[in-house]
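Written below as structure tokens is the structure these notes are about.
Lettered A, B, C and D in written order, each chain numbered from 1.
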Amino acid sequence: VTSPTTSPTTSGAGTAPAVVVDLNADVGEGFGRWELGDDAAVIATVTSANVACGFHAGDPSTMARTVRTALEHGVAIGAHVSYRDLAGFGRRYVDADEAELAGDVLYQIGALAGICRALGARIGYVKPHGALYNTIAADDERGHRHARAVLSAIGQYDPALPVVGLAGSVFLDAARAAGQPVVAEAFADRAYTPQGALVSRREPGAVLHDADEVAERMVSLVRTGSVPTVDGSTVAVEADSICVHGDSPGAVAMAWAVREALTGAGVELRAFAPGPQAG
Amino acid sequence: VTSPTTSPTTSGAGTAPAVVVDLNADVGEGFGRWELGDDAAVIATVTSANVACGFHAGDPSTMARTVRTALEHGVAIGAHVSYRDLAGFGRRYVDADEAELAGDVLYQIGALAGICRALGARIGYVKPHGALYNTIAADDERGHRHARAVLSAIGQYDPALPVVGLAGSVFLDAARAAGQPVVAEAFADRAYTPQGALVSRREPGAVLHDADEVAERMVSLVRTGSVPTVDGSTVAVEADSICVHGDSPGAVAMAWAVREALTGAGVELRAFAPGPQAG
Amino acid sequence: VTSPTTSPTTSGAGTAPAVVVDLNADVGEGFGRWELGDDAAVIATVTSANVACGFHAGDPSTMARTVRTALEHGVAIGAHVSYRDLAGFGRRYVDADEAELAGDVLYQIGALAGICRALGARIGYVKPHGALYNTIAADDERGHRHARAVLSAIGQYDPALPVVGLAGSVFLDAARAAGQPVVAEAFADRAYTPQGALVSRREPGAVLHDADEVAERMVSLVRTGSVPTVDGSTVAVEADSICVHGDSPGAVAMAWAVREALTGAGVELRAFAPGPQAG
Amino acid sequence: VTSPTTSPTTSGAGTAPAVVVDLNADVGEGFGRWELGDDAAVIATVTSANVACGFHAGDPSTMARTVRTALEHGVAIGAHVSYRDLAGFGRRYVDADEAELAGDVLYQIGALAGICRALGARIGYVKPHGALYNTIAADDERGHRHARAVLSAIGQYDPALPVVGLAGSVFLDAARAAGQPVVAEAFADRAYTPQGALVSRREPGAVLHDADEVAERMVSLVRTGSVPTVDGSTVAVEADSICVHGDSPGAVAMAWAVREALTGAGVELRAFAPGPQAG
């Protein structure tokens, strides 16, 4: 966690290589009859679990089951908040006004917190999902407006609750300026531009498919603070946490490969947030 | 509040007449573009506000606005939990299984609690809404199953959180047996049978429309612990709280008449739950 | 199809064995990001496809894709109408009143018809889904009320549109009395009582898992008009159509086994409804 | 209706003043328990009724009631299609992809058509609602993409079905190019720029509140083909139809004033679409 008053622990080429990193993944993304991914396998792999809160996925029963699995594995629980968009899985921009989006975010955090409380668990962080995540990472009117909404909601709920965002994005700057603890996130299976941005999914090569290559890149990222880019150079990328996926058998295998490579390289996998048990 | 280890304060003919009672009403029952009732007028009348939590009404922005109004008036805030039934306003029985209904109840309590927390407020009690309220008041398989779900959810969330239910119903017995504080509720505008049950809405005369008559009945109820019944007798009815309505101008006027009559008769109107400010 | 003025073609022990039967299955039961079953494989197996219409599953894009697949395979298209219950997949009874349920049924039929029309397809029949299917098969107040709603909707929409229901149920009687063409349905993988009813899923042995046994039973059903029951006797069961499942690889394999056994026994598989191409 | 092969009847200063115009209004915008506006009064005022189809408002029972009222008054029925956004009343842009939006539009048209068919009515036209209406009026990537989706859906459903859009917008050009009959719409209570665009609602004076002034402007518009603008000039505006509102008592009064002024000035109010009775 990069708190507003301390230096980032992992960013910046030239500093000593980090030896601790978090692995996070999206879980609890079924809804009612529908399941998505193998949550038990994913949760056994990561240190932080982003739990869907009902607006893009995650009915209350699914949420409760996911929280129980996180408790069993001692994995930190994050509120994975989204636009209200069940039909679009939260992947579509919704032009909510600032106050209504702040309300939606609070509603979702609270709903997950209620389920956690009943099960002896707690929320350790918040991570915006899908289109909301991407919108607030962008340096434009919509991004600023929705970033304010998200930060207002989290700040009012708990000014000490960490928020996860895209490494290098204006959202992290805004969160730091608001005094909210921030967690810079890198993506295991995504290609980076020389500027440290993600290559757009519309470009060829944006998504990496070779598990060994991905694992090796992440070891490099954690140990050196930088990753190779699409033009062959390297670029510094903050990585308090690395996002892996679990929505297909191949994705789970890749996540496990990243985990094994990191621990094999002496990197400690540790959640930035407190454990899932209610304090 | 009738806690499980103390005697009811208001029930039982023969005891001294109660001089304190709570007035509650449903609020925050708009959704997005749609408004319902005059929440500000209703909240100015009652001592406890049942706030819709999104499953039958109440989007997050409406919830936040309602919580703010309750804070301004110092009125206790209740989570008005419902079946997931926006199209039916929670007035339709939904045959949820026990675990999923418990999850739905927790989700709603948590969502309102999240909004309350952000605004410096807190939830003082839980009141099931509509079809859920009626289902758990009934002494049958569905009623028992859904009562267990509701009580399991509330008990896991907070075993000290009062729950409001129909005076004389098996739900209150089940809640007491589960150790949850209970609040017995009477209805200002409903006729009672000689057995102390509500006259079914399908019967003529089930709903009373004369504000003066209703107000007088409530004074009688609070001072004597009993109300006139449809056959001319009187029957003892527990009334820790009296439910009034606010979804039409006439309803608000009736609620105000009840309030004025009670205070004019020296009855103190006081919420059973702590005030809305977070402790 | 059993039209109201002609004798059933397949029911009744003692008549010549039927040599034609329909095979139907539920398809299009994903929603947005979520998929369910292998629709292409299922549609390649059956003669009639029950397409979810958005109330228990089936967003418009999924509906369009499913209709296209049915067109490619020349499989008849049915509107698989449900209670409004996305979170419960339409498996929960919802106590809708008669007029609102009739409206919901019309809305769903129309929505699918709109998509069909745009794609050059048409709806060949209606089949109630899940809890609605079971409710209207029951001889009680709820069953009668919801059967009236379903039949009113279909009859107003098109009095010549066949409706699929449980063989031997009061719903089929009511549909016949209303003049709607009816299709009696048997279930390939369900055990039957000596009275010709389905063994409740709460009983052991209610669901059959052996594909060969299931296939053999269906050949017997179509050729003799009867199936073995749980007590070793046999019972006559109408079967204008046989329902198979496709929501798991095992289910698809069983459906295929039923198909192969029937065609191997000289039974012609043929939809009761016209083909999917708009006339 | 401006068909692609004939000249507009009402646009262009210098031509003879039109003596026929349509008046349209949004109706059926309640949902379940919630009502909005006085549909009976509005429908008695206009010649075309835009009926909500369930995505921004309008449950099936409300839709059926609204269609019945339109039938009683002989008012043409339009499908008022929207983004899937019940919580935002369809007033929020939703970044749907082209195919899914086309599916959503088809679904809504079909759903209303199904209800119409059951009641002996028919759909006379389609009008996009709210944010969708505004999005497709804009000359940008999103506008073009969503215009294609809307036109693809309507064209596949019925290439002869008129579509209503903002007078002077690129959407009307695209619709004409696609061969769809178009209806250019003016807004009774909105101020116009010298370029013939609507003054943004964010500007002061964007919405006119004086019923007499509004009525007089509309008489001028229909008779001269132009309206006064905010800088005192006049501008030509196409107006096959004039949109009035009915969601408040004041709005209904203004709509009635427009109607009375137009008929008083010898203008014939006539729907561009066939009447609501199924042909």
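Going forward, a contact is a pair of C-beta atoms (placed from the backbone, for glycine too) under 8 Å apart; a residue touches a chain by one contact, two chains touch by 3 or more.
These numbers come from a predicted model, not from an experiment.
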item	value
C-D against A-D, pair bridged by the larger set of C-beta contacts	C-D
Distance from the mean Cα position of chain D to that of chain A, given in whole angstrom	44
Cα-centroid distance, chain C relative to chain D, in whole angstrom	40
Touching two or more other chains - residue numbers and ranges from chain D	59, 87-88, 100
Topology of the chain contact graph, where touching chains are joined (line, ring, star, complete, other)	complete
Sites on chain D touched by chain C in the complex	54, 59-61, 63-64, 99-100, 103-104, 106-115, 117-119, 153, 156-158
Sites on chain B touched by chain C in the complex	84-85, 87-88, 92-96, 100, 131
Residues of chain C touching chain A in the complex	29-36, 57, 59, 86-89, 91
